[in-house]
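Pasting in a structure now, in structure tokens, and then I'll have a few things to ask.
Going by the order they are written in, the chains are A, B, C, D and E; count residues from 1 in each one.
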Amino acid sequence: MAEPLLDARDLVKHYGSVEALRGASFTAYAGEVVSLIGDNGAGKSTLVKCLSGAEQPDSGTISFDGRTISLPTPTAARALGIETVYQDLAVAPDLDPAANLFLGRELRKPGVLGWLGVLDKKEMRRLATSSFGDLGVTLQSVDVPIGSLSGGQRQSVAVARSVVWASKLVFMDEPTAALGVVQRERVLDVIKRVRDQGMAVVLISHNMPEVLAVSDRVEVLRLGRRVARFRAADTTVEELVGAMTGALSQEDA
Amino acid sequence: QIGDTGGTGDNKKMVLIPGVAAEPFYISMECGFREAAKAKGYEVDVQAPAKFDSTLQTPIVTGVLANKPGAVLIAPTDDKAMAGPMKQLKDAGIKVVEVDTKLEDTSIAVSTVSSNNEQGGQLAARTLAKLVGEKPGSVLVLNTKAGTSTTDARAKGFEDEIKKFPNLKYVGQQYTDNEPDQAASKLTATLAANPDLIGVFATNLNTGEGAATGLRNAGRTGAVNLVGFDASPKQVQDLRAGAVQALIAQDPATIGRTGVEQAVAALEGGTAERDIETDLVALTKDDMDANEKYFYKQQC
Amino acid sequence: MTSDVRERTLAKRLFSANTLWIALVLLVLIAVFGAIRPDAVLTTFTLQTTLVETSVLLVLSVGMTYVIITSGIDLSVGSVLVFSGVTSAMTMNAMNDGNATDAGWGTVLVGLVVALVSGAAWGLLNGLLVAKTGIPPLIVTLGSFGAALGAGQLISNGSNVSGVPDVLSDNLGTGTWFGIPNLVLLAAVVTGIGALVLATTRFGRYTYAIGSNEEAARRVGIAVTGHLVKVYLLAGTLAGLAGFMALAYFRVASITGHDTDNLNAIAGVVLGGTSLFGGAGSIVGTVLGVFIPAVLRKGFVIVGVNVYWQPIAVAIVLVAAVWFDQSRRRARNQR
Amino acid sequence: MTSDVRERTLAKRLFSANTLWIALVLLVLIAVFGAIRPDAVLTTFTLQTTLVETSVLLVLSVGMTYVIITSGIDLSVGSVLVFSGVTSAMTMNAMNDGNATDAGWGTVLVGLVVALVSGAAWGLLNGLLVAKTGIPPLIVTLGSFGAALGAGQLISNGSNVSGVPDVLSDNLGTGTWFGIPNLVLLAAVVTGIGALVLATTRFGRYTYAIGSNEEAARRVGIAVTGHLVKVYLLAGTLAGLAGFMALAYFRVASITGHDTDNLNAIAGVVLGGTSLFGGAGSIVGTVLGVFIPAVLRKGFVIVGVNVYWQPIAVAIVLVAAVWFDQSRRRARNQR
Amino acid sequence: MAEPLLDARDLVKHYGSVEALRGASFTAYAGEVVSLIGDNGAGKSTLVKCLSGAEQPDSGTISFDGRTISLPTPTAARALGIETVYQDLAVAPDLDPAANLFLGRELRKPGVLGWLGVLDKKEMRRLATSSFGDLGVTLQSVDVPIGSLSGGQRQSVAVARSVVWASKLVFMDEPTAALGVVQRERVLDVIKRVRDQGMAVVLISHNMPEVLAVSDRVEVLRLGRRVARFRAADTTVEELVGAMTGALSQEDA
């Protein structure tokens, strides 16, 4: 196989006396969907936060595109083409969906107004409307703060935001957890489309059929450590569950 | 009782506790104090509260007490509330001299050196009446905050005295929170309600400055006679420029100097004079140059 | 996607339902006072003086609105105003042998720059401490509240500084332009720019985003630290400008007498519908919120309410105004 | 379930890591002043006076801690203190032909009840408005800040009220009990009860829950409205008690001089680690937070720091203390 | 079939200009698991909030145990034996898991201390630990605020809280969305156990296999209205999806 796009080794992360990561490793290749699975509290979200600059690991190394990197801020990760759907969504509840979609990447009016920082709200709203359409999201009004949307609507906004802006790698921490049947299918389609454009997609999900349906590979985290890796085509739900619960374990995963 | 502690202090040290920090009145007093104390060979310290306020002055008194100086000159910020802490000074053997203001309880201080604020208010009323002459009109008092003893005494003196002039209609006082912008705003509001306003007495520096601003903003400078209290450099300048028509000045440097003399007398075995009243004068543009010694200083 | 992308005009957005009801309150107040004393209230004189007297506070409140929308607070504005006034006046005096009364525009310009820079310096300090250290803004600005005042006293030796150039006070302080006081014009320009920047630019958008969810803003790559520094810098600079305006208006840099400017500004901002928890608010609301207490204080003096009743009446109307505003807004949202 | 149910002792919980570092700051301050002037700082006298002078503020701050933990704020405490002092002193005078100086314990008891009831009444008003109407606490209590002061001025006709019974001021005001000033004892009892109720009872738990997530508290069936009313009632009643204590200590009901009690109490609470956003905080922290500025001010007077430098120095130490506390806590959490 | 335990008719709820419920009806019987399904934004959460006192419908009637009731507050619903797991969880993030479990129902120390309101924290912690154990939740420390737990751990606390206190009916708005495979099974087991005790359980979920596995009946909401009702045994995933998307509709559902 080719060089990994992202290769994290032996990440450790403490919160006070809680050990969220105890030497976790993780690998992702360009042009693949890799699922990261594990029990509640296994450390998946913590790992994603460390790999997207939202948290700093206490120790361990991260290499990206062959070079060792550090990710002091989410901006550093975004600059590398890494986008993230966080499990807690990380949206600004008082802003409307379009504002959230373009947050940190606002479009400005052409000409001198834009140079003065004036936003092109109309254009952003138009583009947002079409992005949401792609994901099958229905909003009764685009003018309301996102805090008043339904759980699934809010999640769709976060997903739309990540795929619009990513260029190399997208982390999606339980992107479909609150989605309806139709929206879930759309998101899975989008994931595949993104993969087919040559990016890497890291999917976190507790839905094993979904994991097997969409991923190329699966990595399993347990108690803050990687305990197994599978090719999706060669494995089964039972095997995955076994790995997550500790019933089954691989050497040097 | 609190503070029953022994120990001896430094008899060659004298501390001034003004009513509030950073006011030309007290700065001038401090100048007189420093000059006189140095002349007598005393070491000095000055500790002022940030506001004219007994809750802020009390910890200063007890803090000073911890150092046990020989004498303390103090402008008590409340004629009752400061009695407790000042009695502790006395009980520790420190000679207490009241300057500018005084306690109701006369048994604590060895001497009181002050001008009389109520008389100052009366003087302001007479001065205003003289400026106005026979013309009829309304007059207003701009005061600081309700409950501030010195300025309340001035307002009361003014109110009592102004009634003796039947051509002047007293429209009452307005409180300004000691903020110049409120003084300006309440003055223009009064002008709107009483277009015949002919005189204003501002009981301290901030209200005077606000009043001058309000009149300027209303285009009535000079047409409405403004009498201020105290004679800080800015007020003197305003008097000269015609923004203010009269000032009631005290003699703070003399208060400070006299206070030191009384303290020294008490410390070095002489007898202190119990009550000393210092001068109050009305300054107008015409006679101001003759009375330069009453101008306050911003620094020594 | 069935969302109908209804367009809202700028005017509609600036003057949204969030500010509609509080504007109504202001109008009712003016109407009531006007009905009682039409001869004294509904006059150019009262209008002009009220506007002038509110200008300085308004400029402070514009900066405060930005700060509060980021879910911060700035208790230092009054002290920074004092400090800037002092440094500005002292510099102008120093350039003119100790008394700048007769100085020219050159001196005034230097004075303005000094005031702005002084304000900006405190704002920068506040911003750096808030953004970089995680010290709560209340503590940081309570500190600079004390420190800026102390520093002002220290350099002025505790006294008010006079010697303000006549060209400054005659033009900016009391001059008018087609009947509009220049001080009001300046405040209006600052407020207008503040409102536009907040409502239409990226800077404004980030201000809301940080107040709404700071962590989210950080994760989408907004330079939160830098932005917060800029917001406090803005508030400080506007406080410096306010200090310069106060200098022109009062013709003196006053040391005491600005203790409650901070609370007045905060009250105006909150009264205008900006949430202390951040993320929501507007400058138009702030303007209304600043004028309501000003109109009340003035109106009560004009109609002759007893001095001791005045603060009580102001308090009652203030609370009642927000109550009315809240219940109207709620009713509208429930519809 | 692998959670290990480690037991934390009460002492440990009261004095958790959140307050450890700020306690250290306080100790360091005392040590520094003590090293400079051991003869004046480390004396019973200085200890006694510092404690006494902080007692009143401490009682205010205990109530404020509860309010802030619910994510509210109470700007009115200083005015309510004034109002309660005035009503109490005037009632006592009225019972004794206008001068209660020589009155007995019966009068004092009535005075206490009047002070408490006066405070409670304002607290109740605050609580009802905050809990039932959705008006932001800042606005409600800014209103009662003005109204209570105005009402106090109205009934006292704008002047301080004297005639405080000697038995009150000699016993509560300046009396001691085995060397401990009675005022300090009273404040300590109030603080102790406040700390226990907050840390161990259902009332305390609901206070945290409401501040942490008011909607969640409502949904699990906590009577949020009623609880908020009680919390503001508590703060008001304690302000009433503080008014009575001030009466005993200063022998006068002073109208001025309490303008900044509200900010001082809030600063103490926040300095002690209570979050302005609610949900977290402790009374032990508040005690430390109240003493730090008090020790600083006293220490500066004793060591003779220039008056203009004092506010600057206080500000610097204040900010530095919280900075130190924050970075230690953060380091500890990252470990 | 017996009398319904809960019968809501023609509920309407507006938020500003958004119509979340447009005449929704809903029925639940004692001793059954009824699933409430529908697309994102269909109004499920709004319906639950209206039926558990967290929001007030603009119009419509609710009857419970045969009597017409109104639910002005969540306390009113709790008093009737109705507990709810809200989609937004509604926990107090600064309190620890045990405190959240017992929130509003705190245990007090025996004797005079309890009468003074002093809490029995030790006992609450003990009981909480065993409730979490039942749901297969693993916590590294029970002393931490719930805001720092993983998404699944937080959800488990909310689920535990509802089943501990309910006596008649439990609403569960996407209780398994963030749960791991093992925890999800445990929650489904708990749901069945609760049903077997004679209570009604209303489950909201976007996971159709899960819905079919655990429910007795299914009601479908679409655009704020009930559009279909099924017996779980007689229907298929396709039919459910058809009803949710509007491809299929029943008369007078």
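The definition used in the following text is that contacts are C-beta pairs under 8 Å (C-beta built on N, C-alpha and C of every residue); 3 or more make two chains touch, one makes a residue touch a chain.
All of these numbers come straight from a predicted model, not from anything done at the bench.
Chains that touch both chain B and chain D are the following: C.
Note: the chain lying farthest from chain D is A, by mean C-alpha position.
In whole angstrom, the spacing between the mean C-alpha positions of chain B and chain C is 33. If each chain is reduced to the centroid of its CA atoms, chain D and chain E end up 43 Å from each other. Per-chain CA centroids place chain A at a distance of 70 Å from chain B.
Counting partner chains per residue, chain C has residues 153, 158, 259-260, 307-308, 310 touching two or more of them. Listed for chain A are residues 15-16, 137-141, each touching two or more other chains. For chain B, the set of residues touching two or more other chains reads 21-22, 146.
On the side of chain D, the complex with chain B involves touching residues 37, 40-41, 43-46, 48-50, 52-53, 153, 156, 158-160, 162, 169-170, 173-176, 181, 246, 249-252, 254-260, 294, 297-298, 301-302, 304, 307-308, 310-311.
Residue ranges on chain B touching chain D, taken from their complex, read 1-3, 5, 21-22, 45-48, 50-56, 58-60, 62-67, 77-78, 80-81, 83-84, 104, 145-149, 152.
On the chain C side of its complex with chain A, the touching residues are 1-8, 197, 200-203, 205, 208-209, 211-213, 215-223, 279-280. Residues 52, 54, 73-75, 78, 84, 86, 89-95, 99, 103-106, 108, 116-119, 121-122, 125-126, 129-130, 132-133, 137-143, 161 of chain A are the ones touching chain C in the complex. Here chain E touches chain A in the complex through residues 15-19, 38-42, 45, 87-88, 137-141, 144, 148-153, 156, 174, 177-184, 206-209, 241, 244-245, going by the rule given at the top.
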